[in-house]
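Submitted below is the structure of interest, expressed as structure tokens.
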């Protein structure tokens, strides 16, 4: 069941359109992420949904009702701000109780529910602290608690983890997902961190320049980016510009220079003439002389840097420069001749 | 919020200012350009070609600019020092810096008479330690006026400068030093230009204050007139409001010109600033 | 840090503070002079002139009026200034620069000119009673300080807490009172204080707006020194200094003085 | 003042607004205002300020002032501008007891002087080589950088200008000669003074040792420099007349006249003199030598005082101020 | 040749010691990273070397000379600040020329060298811009250029890339490494990003609480963390507390509960009783019933989240909870019984 839909929405700051004919439908209970480069309009979308900004054109429907003109304070959406936006002059307790007090709940009711939600975010005992006396992660959780307690019909997260270090970030995202699923709250989650979005979402929308380029499950997007932009954004570092394309049943035969490539077909493969492959999927062969065979390209090492798990090597070929993550014991010397193997089920044809 | 709401917030203040200040001021000023119902700048030409008036004007400007200059020079180390320390010492020093603002300018001038006079504390001190043989004449000279005015306005400059300095990242200074700048060079080439916004406000306050000061020049100055005396003479003693309004207009225009020049200098010294 | 440079800076600062506070110390000491001639060092110790303050009824009367005008004007400047400061620092809109300049202009116009214009229009043309004109004039000179100080306390303000409040069900006006005002409280206090001093010490505007039975303390002091050269005004200044020191002490206890620097 | 003039004097007292300088307020409250308020069921409201400021308030009509005290110089300006109401002398019988020069200094239609002061020279004999006896002595080289002058805008400014003309050897006032003479005096002048307190101040601090001075403030000088001498210059001292007038449009003309009459009464005049606040102009006041110390007293003294033609002074003042600014004050 | 050495250095803020008996030697021409959690004293170390703060005790030797008392401006060390600290009032040109002007170089000389260094950082054409008119990456490069142009004897970087997004970060670190090697400048690099430190450095120092816990080459540290802290910090998420340990030639035989583990020995293995293994190295076997064999532990799936490349599964066992990154096509249902294999060459014994 579609809970929320943005229909042909246009948003502009001053004269410039930020979102243009924007389209988005969200199912009840789902967590959907908006992922995209800085400035693509993620926050704008969220703020539009929250009601902080008005659309120039288009309709915003929520639960079957037209919400376009409903004021912020009447929407009952929880918003977790990137910078938390905790009220500095109020204690943790009062921050969390803020929404309930406005709803004129009884004192005992408020106390009970604050206690419940404090348990959920694991902050029992912090009631009387002020925001500045909390660590980043604790603040974060207060912000989430404050949004949760009003039992929102929709939860909106704007890069809630961007200020945390890697470890805290990971544990927080597990927490958010847990709470969201436990309470079954439909959620829109904004981040520019790929891994974060992928690990937390039911659906991911990849945005570019005010437009959603692809909307699908994380695993699908990870494997089958639709466009070059999406591919590049999610870590496909290597691209091949094909000059010819032949459809051969369950696979495609692509040509680039004197090289041919066999590529497994999938639903996105319709129209594109660009091949994309991840550095992790590209294989580095130390044997040479295989360049004649399909999906093989010969080249020379330009530089190798240690990545931890593997070495990242830049390889120069006649089709351009490729980046490959190779699990090798020692870095290869600059100039070493190598062969790159492009596994057919790992090359993706994108638009 | 709807756009119009923003103006609505400004409206009460705007109306208040317009009705009680802007309109009266515009009427006052525009009347100086009218003679028998037609436009004229003859009155202004009289002033601007009168060597005596120009002399008063340049003297006042000179005193005001000198005061501004010394306020800047003296406020900088103090503000820098205050902005570098923390806690209760900082609060105390700030408090002490603001303190003189609360003492009536008349009383402060009296104190300077006691200090700077012919038989004043300063002369006594200098004579007794033998630096001078004859008492210095400081009181009733432009120097005394400048000292009094600096004393009057220094707190404003300090407070304003502490405000900007507190927000200047000390990494800029470190960066300069790591590039080979001595502390002094780092201060002159980096800190000083970055203080421009505060310096601008401070200088404007000090300049306007000393340009229009009346009590201090009257009490500490000698025979030389300043422009506010002149304005007062015309307005109050001679009851010549038209002339007074002309002097006022010239003062306002000059104030705007000088603060505009301050702005220009600030932009020149800190072109990257906002 | 280089210790010797730090020391040099400390000494310079100390010397400048001596320059700032020395004259006040002289006034303090001289105010206990027993004879009617203010001099330093004093020839003895006497509270004669402190007694005089309370025996001349005009000092007390004008002190009261000064307090009333400065406080009421302050209140009015706050009511006008807070919304304006909020709009000027919260939003971007056309004409903001001009409006900014306009709200600061009372600082840039010579006091004598303002006073004379007020006399001519507020009293003569608008026929405002003296008290009202005095109050309006003081409100106007306080307004720029209120706006400046409060706007700069909002300059680095994160307005998302306002959105957060609305998101949690607060109206815009409600959000302003519930979360903006409490968080700029110290800015407001600093603004109020600086504006108060500006008004309480004002001479050049008040002098035009006083009349029968209506005068302010600085004007009364000026009138007094036209005819007397005894240490009474010094004693008044000392009392004001003590009064202010106590006041500052309280402010420091309440919000911390560093807020004064946020101009 | 208020609208309902004192018809039924029993209940609400009438407001009488008195504009004055603001010295000795306590004396005036107790000895002058209170008895009058009592007797006439009046409430006196005072307007305080210097001559110029207060005259301006009348000009602007911003205060409903009934009675105004001004020095003759400023009073003449008020008269010229029609700001004062003609008085009914029959309501002020005490005028007849005054010295002649105080009775109608600015014309029969306008108010009398309630006090007279002597404008002469004060000096510190300990610091002055030769005794000072005449205006001309102020030009002595030994006084270089040691004297002060009243500003031309002060009440006594024009008097000293007249004195300069006399020093220049002119029989009647000669403006050019006076200014030339003043220019020659500049090297002796530390600074001119705007208010008497400035003089007292400079004198007690040792910044000056002599200068033209109003005798009525002599006690203040003596408090600072006990040896202070006041002299009536050989060429003659000037009379400083402080007048009292009824303001045009006053609703309380009669009350105002009654008030003026009260201030001229021997009772008030004597009390003022004894408190060393104002020199008496009422001839019936008798003072002992001690009581007369530091005030201007005695028929002989008063009748010798020179008087300026205030009408002339007023006509010339703008020009004098301009010349003074340009030639003397820089 | 040791260029720089910190010998028994103690640094304190107020009364609290931040660095205590700190020891560090750096070879000429090397790039050494300081890596550690927030607050461990990385910045403090850098600031000490730069001369911004004084040591309470100890000696700082540089190039054979005692540098303890040499003022900042005489050290000729380049410092690249975390926040760039570009002079906002100076153009790009003047920012870069700042140090040379202080050295009273001739105008033409300055012009020539600014041009050279602008080429190095690829900013030709930006000379007249002001810092606020530059993007993050461009500012970064100006900051580097400004430090480079004085031909510093030592380059100090304080988290220079922390404000950049993933893509820019990666390209910048390649750039920094290239420049550093090209010019052979000894460099100390501070970051809390593991991958960044590993890819850029000759040596990595892992810091904890004001002490260096391990100093070695990136590859070595990656494989053989010395302590549990280091292991945890660099991504060993799984730990086993051993109860017994037997030395058997080139390997160790460790016991935990009823399980035995064979572990390849290496130089760090001396004393520890804790085993550590990365989620990537742990193998997830769907067969069960192998738990009796050494290095095998059986368990059940608690949760699986999609990571992109793989799924991250949490597995509950009698030895505790383990995290494993498994390359599987579909997430495993909660409760699925699985076996974990701990490859003997991947378990590391740490202190």
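Going by the order they are written in, the chains are A, B, C, D and E; count residues from 1 in each one.
Operating definition for what follows: contacts are C-beta pairs under 8 Å (C-beta built on N, C-alpha and C of every residue); 3 or more make two chains touch, one makes a residue touch a chain.
Chains and their UniProt names: A, E = Spermidine/putrescine transport system ATP-binding protein; B, C = Spermidine/putrescine transport system permease protein.
Quantities reported herein were computed from a predicted structural model and do not represent experimental measurements.
*Asks:* Chains shared as neighbours by subunit C and subunit E?
*Replies:* Touching subunit C and subunit E alike, sorted by label: A, B.
*Asks:* Give the label of the chain whose average Cα location is farthest from that of subunit E.
*Replies:* D
*Asks:* Of the pairs C-D and B-D, which shows more C-beta pairs in contact?
*Replies:* C-D
*Asks:* Taking each chain's centre as its mean C-alpha position, how far apart are subunit D and subunit E in Å?
*Replies:* Centres of subunit D and subunit E (C-alpha means) sit 89 Å apart.
*Asks:* Taking the mean of the C-alpha atoms as each chain's centre, how many Å separate subunit A from subunit C?
*Replies:* Their C-alpha centroids are separated by 54 Å.
*Asks:* Between subunit A and subunit B, what distance separates the C-alpha centroids? Give it in angstrom.
*Replies:* So the centre of subunit A lies 56 Å away from the centre of subunit B.
*Asks:* Could you list which residues of subunit B touch at least two other chains?
*Replies:* 110, 114, 183
*Asks:* Residues touching two or more other chains, restricted to subunit D: which are they?
*Replies:* Answer for subunit D, listing residues that touch two or more other chains: 53, 201, 205.
*Asks:* What positions in subunit C touch 2 or more of the other chains?
*Replies:* Where subunit C meets two or more other chains at a single residue, that happens at 2, 39, 120, 225.
*Asks:* Considering only the defined contacts, which subunit C positions touch subunit D in the complex?
*Replies:* Those in contact with subunit D are residues 35-37, 39, 55-58, 119-120, 123-124, 130, 207, 210-213, 215, 219-220, 223-229.
*Asks:* Show which residues of subunit A lie in contact with subunit C when the two form their complex.
*Replies:* Those in contact with subunit C are residues 50, 52, 72-79, 81, 83, 85-89, 98-99, 102-103, 146-147, 150.
*Asks:* Name, in rising order, each residue of subunit E that touches subunit A in their complex.
*Replies:* Going by the criterion above, the answer is residues 37-38, 165-166, 174, 177, 192-195, 198-200, 218-219, 222, 234-235, 280, 305-309, 312.
*Asks:* For the complex, give me every residue of subunit B touching subunit D.
*Replies:* The touching residues are 52, 55, 110, 113-114, 117-120, 137, 139-140, 218-219, 221-225, 230, 233, 236-240.
*Asks:* Residue numbers of subunit B touching subunit C in their complex, please.
*Replies:* Answer in residue numbers: 1, 3, 6-7, 9-10, 12-14, 16-17, 20-25, 27-28, 74, 77-78, 80-82, 90-91, 93-108, 110-112, 114-115, 121, 151, 154-155, 159-160, 162-163, 166, 183, 198, 201, 204-205, 208, 211-212, 214-215, 228, 231-232, 235, 241, 244-245, 248, 251-252, 255-256, 259.
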